[in-house]
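Heads up, there are several structures right after this.
Note that chain A is present in both complexes that follow, paired respectively with chain B and with chain C.
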Partner chain A sequence: MKGPDIVSLNVEVPVPAPGEDLTPRPLLEVSGLTVSYPSATGPVEIVSGFDLTVARGERVALVGESGSGKSVTARALLRLDHRASVSGQVRLDGTDLLALDDREMRAQRGRRIGLMLQDPMTTLNPVRSIGSQVMESLRVHGVGKTEARKRAVETLDRLGIPDAERRMRAYPHEFSGGMRQRVCLAMAIVAHPDLLIADEPTTALDVRVQEQVLSLIDSLVTELGMGVVLITHDLGLVAGFADRVAVMYAGRGVECGPVGELYRSPRHPYTSGLLASVPRVDRDGALAPIAGSPAQPTSRPGGCAFHPRCARAEADCTEDRPDPRRIGTADVACHHPLVLAGEGNR
Partner chain B sequence: MAPSLLARYLARRLALLVTTLWGVVTIVFLLIKAIPGDEAQAAAGVTATPEQVEVVRQRLGLDESVLQQYVNYLGRLLHGDLGTSIFTFQPVLGDLQQLIPYTVELVGLAMVINLTCGVPLGVWAAARHRTRTDNSVRLAAIFCGALPTFWLAMIAQTLIGRKLGLVPISGVSTLGVETPRRTGFLTIDSLLAGDLTAFSDALAHLVLPAAVLAIPFMSFVIRVVRGSMITALEADHVTAARAKGARERTVLLQHGLRNAIAPVSTLVGLQVGWMMGGAVMVETVFSRPGFGSYLTQAVAQQDTFAVIGMVLVVGVIVTFVGLAVDLVQLAADPRVRLLETRRASA
Partner chain C sequence: MTHPTTGTPILEAQGLTRSFGSRRTTTRAVDDVSFSVAPGAILGIVGESGSGKSTTLRCVVGLERADAGRVLFDGVPLVGANRETQRRFRREVQMVFQDPYSSLNPRMTVEMIVGEGLDIHKMAESRQARRARVVEVLELVGLDATVLDRYPRSFSGGQRQRIAIARALAVGPRVLVCDEPVSALDVSVQAQVVNLLLEMQQQLGLAVVFVAHDLALVRHLCHDVMVMQRGVVVENGPCADVFDRPQHEYTKSLLAAIPIPDPDRDRARRAAAAAERRSA
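Let's look at the complex of A and B:
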């Protein structure tokens, strides 16, 4: 699993006991996740009944336009926002995260789930050294100073920070955007979590650095056997990275399926619209951005939230909210999904 | 910061310090020259004959040109000669040396009370931002800031001193409690002599005026700590720290208060100067020797050299406090270090 020049990250690979059920239990099971925030006019539901599963070693991309609730979902999974009220089910390796008390939840954060926040420029504390911030991920879980330092240096080194030992003493402003992003990644994975949630880890970076960061995450998944949720609004980016894609619109999952299928034959009109607006190497033709603007949480249309922008909308779309159902390999929440020639109509 | 750069920084700061003091001295000199009336007449006293006034004029060098007087004045200052008080007939420096410890003790304890109460209250309010606790602390802070020191002193004397009889309300020590003077600081000298009775006596005399002096200043500390902490706590690195699994206490101190050190130290630096001013009033009400009594007398008696001496000493203290604040910021904020490094190497 490791080449000679790769630092061992000491992963314990679970060995199934004889006779154990070998169908893998998903690492993360989210069902019916609903998140609302208080506002002057009462609670506003940002995420409504969102489902997601991630297996060990699986790379799942969570895609959606700006404001669709991706970051809110990520923070809700770790219960980071005490102002948000979170309901539904979040199971990590069978543990119901929403049922844990504060202390138990803290033990999960960082150690079981690593979160890489959206903006590398603000995720690092400007007045504390890089080293202390990476070490903090271990120190808060009771790892001793010497050990934490050793592992922080190893991880920074593994993530391609040159002269990591010395750079531990540096401060965030002394790092470029790409280097900061690596430090943020180091903070998220230094405690070897089972699940990494990376919120737009590449948005602020130029294309070359984007690729470097993605391939780092990619190799970590293999090396550590982590599951990854990669949050992005860039469908083009996930094609080469993800095993599965979950598409989010206005706080709801609209389509979720294997990346190849989803690219080849999107079922949900929103997914197909998104794909049409992404430049692709395998296809010529003009880009077609989706008409209209995303639904705001405070004024989401009833029925299917996408209906004002949807070319396939019919009368039922304005009244009934479509629930996800299995079509082929994907789960699709749409009354009138796109169907392939030869496939039976609804 | 590299040692050589630090040395250069210190050299630059000391040069600035000398320039500032020179400015203070010059302004004081010009102010005296601008006061209408004959200095020689004032020094000789109203009852002096014209001949006596002339003798004094020559002795003080007031018959020379203004420029020559200025040069003489600077020369004397450099030798630590602040002139002779026309009221006590003692060298001003000697008088001040006796009085400085009383005021420094008062301001010192007031600052300790100010910070040990103000900082935790500010942190507490910030941690409970937008709750009833926060609102009460904030209201209390605004209220404290609006209390006139004079009135507060009288109330404290009446309530705590006379009614409850908890602590003495005037002077610096009880008659009969003697402390061998070494540093001039009663608290320090009594400890050096191993005399705990004298120490607690000195402290008892000190605590009420110090508390009275501290209260209006606490108001600002609470508000600045609260404000800068709230700003710091909204930053992404705080969410990142929580995502690592950090406890709330760690988050508050390492990612909130740690980032508030710079603004708070700026405020505290300014407050030292203001407190010296406030001490004049408090010392008068509590009948304590110190800058207050000396300055009141000096002004009433038109005691020029005494006034100059006072202004100089306060100027020196405030300037050195400013240097200390800058060094604290240099230690606390790497961005300040960066700025200074750039300047030092420019």
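Let's look at the complex of A and C:
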């Protein structure tokens, strides 16, 4: 595989070592992401050493409960919070976003990374027309007014807003919840970003509208080859949408793997607990809840943060924090993961 | 879920109607809604936002005045009933609200919150008796006497909902009316509260009216289900029938949109639905 012409094409291409996999460099590479916020009692670490990769055209779900740090992660990737101190590495197509200055970072937002938030009522400006808000992310990147307008109409039309040309002049209050969420999606993707981060994009919506919005995102991934990070607490949603799932607990990734394997044989007790506590419309049976409540950022237990709620916890869980390791197809941070028969616990 | 023996309904609604808005633009939020719940039965009311499910509940418990229709308690219409019946209704029909962050008074201790109903209905002979009853129901919901003097702010969402359930149970109700009692909670905590509700319902033989938008949860919890759309009941019946053989188009579309937490099944189902749309 080692050929001189490959090296001459791009000096940055690493020469693969024997046995190393030859998949192309991922679109997004997050490693060791740590985010902390100031508080009255000193900085509080919300996200600690989080890793994530997203390839082009890949749908990755980031699953977690309140206080797990999933939304803080999304905001940190776009460097939206000036109060947050962010460390680690966030590489988008090789560019380290955390090393950019503010002006360079602005060039990335909207154009390279689109962000879609949960609540369209707070995302949209109530006193500006839909059109001007969708055009904004093109206009700030230097697209002319006529061209921006044309592309905004195209995008709204593509997302199923009837009579898009005329609706450009409408205001958010004239739209229903589902339509507003489509406008938010239009704002996020109008500049054709490489990566879309969608933070609980359908939580405020009814199931039927939720399905429509998700299949829109899904078709955009296929059409534009975007990578998507879908942030959610809803495991049902993830199953039908994502290629890969990353589960977060108390600011850390606890399990990350392909969606099929993760649902069929979850390795981390937290993942398996989450799956067992969701009622399913397709089958009966008692729910098996996880004891206790999610750890709060200000009082996270030492060792493995999940140990007070974990049925498999032993003495080492209270002291040593488990590092992620590969089990089957997943990366799992657990001392005592659930393993299949004959697999062994390495 | 096995269906309890259907006895005389303890709670019945007949032709409830409630409109909002001015004379020019009125919306019928609840339009001729009737249902009944037998002791020990759980009725789920489902529908999307704006379907009138919460307004229906509020009309039943008297938080909202219905324009037409009536509510019967133990077979007796509430309007025109004597004071004793009305008082009994207010004691024996208790409510659990959606958001435990706003339904508990932040300036009251747990003992005051859970014990308030005992005072109102003059059910405690002495302060000791009142405290004993408060501790008893707190233990029923998995808390204990150590929380008596604490304020709501020091509890997590799941614990707050336990306190809200304890408050409802303190006065010995026969009917529990729940409006989305777990939708504000974390996924891992929802199951705890659902199991607690089920356990209480079985242990105390309560009738439950349960409003939710989560159809999977309703199927899991309820014996009967009533599907509402724009204020109207479009379908009702035993859960197993409605979920497995939905008759109304609206019910079918709701059911088809519920995600199933199983990648293979969910994908297969979506592919089938897409193929059906193409051929249609």
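Assume the second predicted complex is superposed on the first by the 317 of 346 C-alpha atoms of A that agree within 3 Å, B and C clash if a C-alpha of one lies under 4 Å from a C-alpha of the other, contacts with A are read in each partner's own complex, and residues count from 1 in each chain.
Quick note on the criterion: a residue touches a chain if its C-beta (ideal position, glycine included) is under 8 Å from a C-beta of that chain, and two chains touch if they have at least 3 such contacts.
Keep in mind the model is a prediction, meaning the values are calculated, not measured.
*Asks:* Under the superposition described at the top, does placing chain B and chain C together on chain A give a clash or a fit?
*Replies:* fit
*Asks:* Based on the superposed arrangement, let me know which partner A:Pro289 touches: chain B (first), chain C (second), both, or neither?
*Replies:* After superposition on chain A, A:Pro289 lies in contact with chain C alone.
*Asks:* Of the two partner chains, chain B (first) and chain C (second), which one does A:Val259 touch, if any: first, second, both, or neither?
*Replies:* second
*Asks:* Counting only touches as set out at the top, which of chain B and chain C does A:Glu65 meet: first, second, both, neither?
*Replies:* Touch partner of A:Glu65: chain C, not chain B.
*Asks:* In the overlaid three-chain picture, which partner chain does A:Gly236 touch, first (chain B) or second (chain C), both, or neither?
*Replies:* second
*Asks:* Thinking of the overlay built on chain A, is A:His173 touched by chain B (first), by chain C (second), by both, or by neither?
*Replies:* It touches chain B, and chain C stays clear.
*Asks:* For A:Arg208, decide between first (touching chain B), second (touching chain C), both and neither.
*Replies:* The second partner, chain C, only.
*Asks:* Would you sort A:Gly273 into first (chain B), second (chain C), both or neither based on which partner it touches?
*Replies:* Touch partner of A:Gly273: chain C, not chain B.
*Asks:* In the overlaid three-chain picture, find the nearest pair of C-alpha atoms across chain B and chain C and give that distance in Å.
*Replies:* 7
*Asks:* For chain A, which residues belong to both interfaces, chain B and chain C?
*Replies:* After superposing on chain A, no chain A residue contacts both chain B and chain C.
*Asks:* Once bound in the complex, which stretches of chain C touch chain A?
*Replies:* Going through chain C, the ones touching chain A are 1, 48-49, 156-159, 186-192, 194-195, 213-217, 219-221, 243, 253-255, 257-267, 270.
*Asks:* Contact residues on chain A for chain B in the complex?
*Replies:* Going through chain A, the ones touching chain B are 75, 78, 80, 106-111, 114-115, 117-119, 122-129, 133, 136-137, 140-141, 171, 173-174, 184, 187-188, 191.
*Asks:* What residues of chain A sit close enough to touch chain C in their complex?
*Replies:* 65-66, 177, 206-208, 210-211, 233-240, 259-260, 263, 273-282, 284, 286-291, 293-294, 309
*Asks:* Would you pull the chain B residues touching chain A in the complex into a rising list?
*Replies:* Residues 235-237, 239-247, 250, 254-255, 258-259, 261-262, 332-335, 338.
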